[in-house]
Amino acid sequence: MGAEFVQFSLTPILIGILASIACALPGNFLVLRKQALIGDAISHVVLPGIVVAFLITGSVAALPMLLGAAGAAIVAVILIEAIKRLGNIEPGAAMGVAFTSLFAGGVLLLEQSDTSSVHLDVEHALMGNLESLIWFKAQGWSSLWDLEALAALPHELGRIAVVCALVIVLTVIFWRPLKISTFDESFAQALGLPVGAIGFGLVVTAAVAAVAAFDAVGSIIVIAMFICPPAAARLMTNRLETQVTWSIVFATLSAILGYVFAGYGPLWFGAQNAVSAAGMIATVSGIILALACLFGPYRSRIGVGREEAA
Amino acid sequence: MDMRTPLALAANNGHIPRDIAKIDAPLAVRGMTVSYGEKPAIFSVDATFEAGKMTAIIGPNGAGKSTLLKAALGVIPSLSGEVSVFGNPLGVARDRIAYVPQRASVDWDFPTTVIDVVMMGLYRKTGLLSRLTGAHRAHAMACLDRVGMADFADRQIGQLSGGQQQRVFLSRALAQEADLYLLDEPFAGVDAATERAIIDVLAGLKADGKAVVCVHHDLATVSRYFDNVFLINVRRIAEGPVTAVFTPENLHATYGGRLATSHIDQLDLVAGA
Amino acid sequence: MDAFLNALFLGAGYNAALVGIGAALLGFAAGASGTFLFLRKRALVSDAVAHATLPGVGLAFIVMVALGFDGRSLVGLLAGSAVTAAIGLVLVEWMSRKTRLSEDAAIGAVLSVFFGIGIVLLTVIQTMSQGRQAGLEGFLLGSTAGMLFQDAVVIAIGGTLAVAATFILRRPMTLVAFDPEYAAASGYDVRKIDLAMMGLVMAVTVIGLKLVGLILIVAMLIIPAVTARFWTEKSDTVIWSAGLLGAASGYVGAAISASAPALPTGPIIVLVSAALFTLSLFFAPARGVAAAVIRRQRFQARVHHRQGLLALARQEPIHDKLTLKVLGRDGLIRPDGVATDTGRAMAAKVARDERRWDVAREVHHDVSLTGRYDGLTPIEDVFTPDEIAQFDVVIGKPTAVEGT
């Protein structure tokens, strides 16, 4: 693995790993709270968010796009909550109403506005563009110590690294309240924990992770990473701490294997061109989940090795 | 208010001190109304729970027993009402309350162990980040031991029987070292041994001067287990010592026709007044 | 506007008219079968089904090209999408039944992974020589622009078949949606009906792919059902009104879309549907937000009114600000908090009713009567004047609540 690897594969793989971990961490709690599909809803509203941001600012710079997407995610979450409470509608249906409507609005705005000239399109939002995030200036591994080359790293890498670090820090700080309120909400309330704020904070963190990740890897990976690694991890253990560790392992594994299969897999079959890395990462995470469903030691609800209670 | 003339029509509530700031009972509730939709679940309920006593909240299904506890703790919102805990507002005195929710209210498939659940009771002491020490773990183990569950410390909670799950919940409340224990149906669906174990622990708390309040549904055990009863059916029907309040008349007022007379005869009731 | 009216009355060309009719039929079938999902609390299963169509589209294209056919044949692509959608559906069921994962996790996993596989296949197709103009991306968001006449016919026929299937399944589907246990007891095979309904949802999804795309077809399945629920409590009414709402959204949406360029059909249909939903959410007579807010406020005022009168009757001080406000508003207390004559009279009445209730609950053992002692129900609603007169005999003469 030489200069070419560093130049063309190192940064996409790193970005894939960081994005996957940033999504998988909050995903653990979303899955346990039976809110896995919030991830689905968030990633669908990223599109209307960036379109609106473009229409307001007229630029495709990263910051307005990210803010627009984050704003849309928060609007979606509030909208879902409002529909749920005001209309007394079950969460799944409320999500279905909210995110599809926002998505439809986004597509319409996109068609109406003159965005075709700029680099902003639906497919990009859905599939991402991991392959293009190469480190052009890199000459080889030695570039890791070359400040000039480091300065030319794709911006996406820095962004997702910051967000991933933020997600990790938040998870560590709020570990106990998250765990208690996820397991036993009324006990948490009786302790005086702000259960509503914790739940909202979790979703906003997930939204921030999704927004930072989607730009690089597209929204499919985002949904897949919210759900597949944590779900597979749940089937590997009966302890939350271990589950989160497994989910990080699975997320990393999906990112690396997915990227490698997408880039080199077709060559092994004699084909010429690489396939979508984002799609392949999601596929690999699905294969891992399938294996966990079939062979995970704690896959069944009754619990393998359950002893008759004394 | 200027009220010179005496009460013309005394309401049936007897003499209840209204000014909640002057009550230093472990838990006092005044004028609490909660509704789900258009029907009151509890209406203008006043209640006072004493220290060093075990009190049963009893009433028919849907009478608002659990609602009263949850509203007192701020777990569900109320339309009106005030709460005082040891003479303080709820927010100030939370450290002194341990709450045991209904067993069925949580997902027992959650990936965690028995000792972990008990350690959750230490949250208000440890806060967000302080490290859990060996002393914390020893304390949690001691609490598990008090309910006879020390051997199960590292089990996944989903592998426990209903009675064992209830004991773990009680043990988590013990870990809080509170002065007021509020338990929602602690005896629902548990085996006889667990019921015995729970009652022993609660009696120990009472002996230490703690206040214990249980939502309870088994009329047959009321006079054996409890000192006080609080009878509720949407509205407060009566409260006081079992010896004075657990009468056929009050039960009738609480349960109406739902309680067959033959059934009442079998209960260990105070003779009708 | 003229263009819109033109399209609305089928005057915008043969293709557009077919698309409009197809959209209306599809909307009807989607609304009705979506109601079933919604009432079974499985609305988002449709999301998994919809995303799971993508790999089928890709595979069908590859297979058709490999066999030497035109890869763009709509029927072929839709058949392929149905196969993977079915696999996705089976996987959701299998995961939520056989593993400890809940259904929402299973839905999310299936939809993202199948979509990922679909995207991989699309990139494979892009590199195939015949794949460059495949236009399969149109299935993501739907596209009726440049739609072939045969395609419009396929949508119209598919919509008709879906409506027919809805009609045939209407009885068992209503029963199972509202009361599965009763349906099972009356001899229906709930599992089979569930499967049939899922089959219908799948068919709707597949037919809708070309029209609205796989992301937005979910909206056609969910939104009309949720909207209809605001207007009625009756089971078959919900299903048919959801169907009609869906049909209206489909038809009007297609007409708007045909009236101008840059108005994509799928999003417009969904937005029409969303507009109907928003109107219903706020203004539906019984379940709408406006009605609920007014009801809630009135109810809270009633509670405080009553509690205040009870306090006046007991001559207890009132601390609660809202109670004071309500009593003042109703002219029962003066600004300084002292009861007015009306207030005293009503407090006396309340106190007397409380005594009456005491007597009533001693005399009557019927819970259906005494169980309504909830503080708010007037005693006159529960007992006849004769009965109340009897209670009064027990209590004795009424006395007034005094106070200055």
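Per-chain numbering from 1; labels A, B and C assigned in written order.
Heads up, the rule we're going with is that a residue touches a chain if its C-beta (ideal position, glycine included) is under 8 Å from a C-beta of that chain, and two chains touch if they have at least 3 such contacts.
Predicted, not measured: the structure shown is a model, and the values here were computed from it.
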Remark   = Most remote chain w.r.t. Chain C, using mean C-alpha positions, is B
Inquiry  = Of all the chains shown, whose C-alpha centre falls nearest the centre of every protein C-alpha atom combined?
reply    = C
Ask   = How far is the middle of chain B from the middle of chain C, if each middle is the mean of its Cα atoms, in Å?
value = 38
Ask   = Can you give the whole-Å distance between the Cα centres of chain A and chain C?
value = 29
Inquiry  = I'd like to verify one number: the distance from the centre of chain A to the centre of chain B, where each centre is the average of its C-alpha atoms, in whole angstrom.
reply    = 43
Query = Tell me, which residues of chain C touch at least two other chains?
reply = 100
Query = Of all the residues in chain A, which ones touch at least 2 other chains?
reply = 234, 301, 303
Remark   = chain B residues touching 2+ other chains are 109
Remark   = Residue set of chain C touching chain B in the complex reads 100, 295, 299-300, 303-304, 306-307, 310, 313-320, 322-323, 337-339, 348, 351-352, 354-355, 358, 361-362, 364-367, 370-371, 373-376, 399-404
Key: chain C partner contacts - residues on chain B that touch it in the complex   = 1-5, 7-13, 18-19, 31, 33, 35, 38-40, 43-44, 79-80, 82, 109, 233-235, 249, 252-253, 255-258
Inquiry  = With touch defined as at the start, can you tell me which chain C residues reach chain A in the complex?
reply    = 38, 41-44, 46-47, 95, 98-102, 104-105, 107-109, 111-120, 122-124, 127, 137, 140-141, 215-216, 218-219, 221-223, 225-226, 229-230, 262-264, 266-268, 270-271, 273-274, 277, 281, 287, 289, 292
Query = Which residues of chain A touch chain B in their complex?
reply = 32, 173-174, 176-177, 179-180, 182-187, 189-193, 234, 237-240, 242-243, 301, 303, 306-307, 309-310
Query = If you look only at chain A, which of its residues touch chain C in the complex?
reply = 31, 34-37, 39-40, 44, 83, 86-90, 92-97, 100-101, 103-105, 107-108, 111-112, 122-123, 126-127, 220-221, 223-224, 226-228, 231, 234-235, 262, 266, 271-276, 278-283, 285-286, 289, 293, 296, 298-301, 303
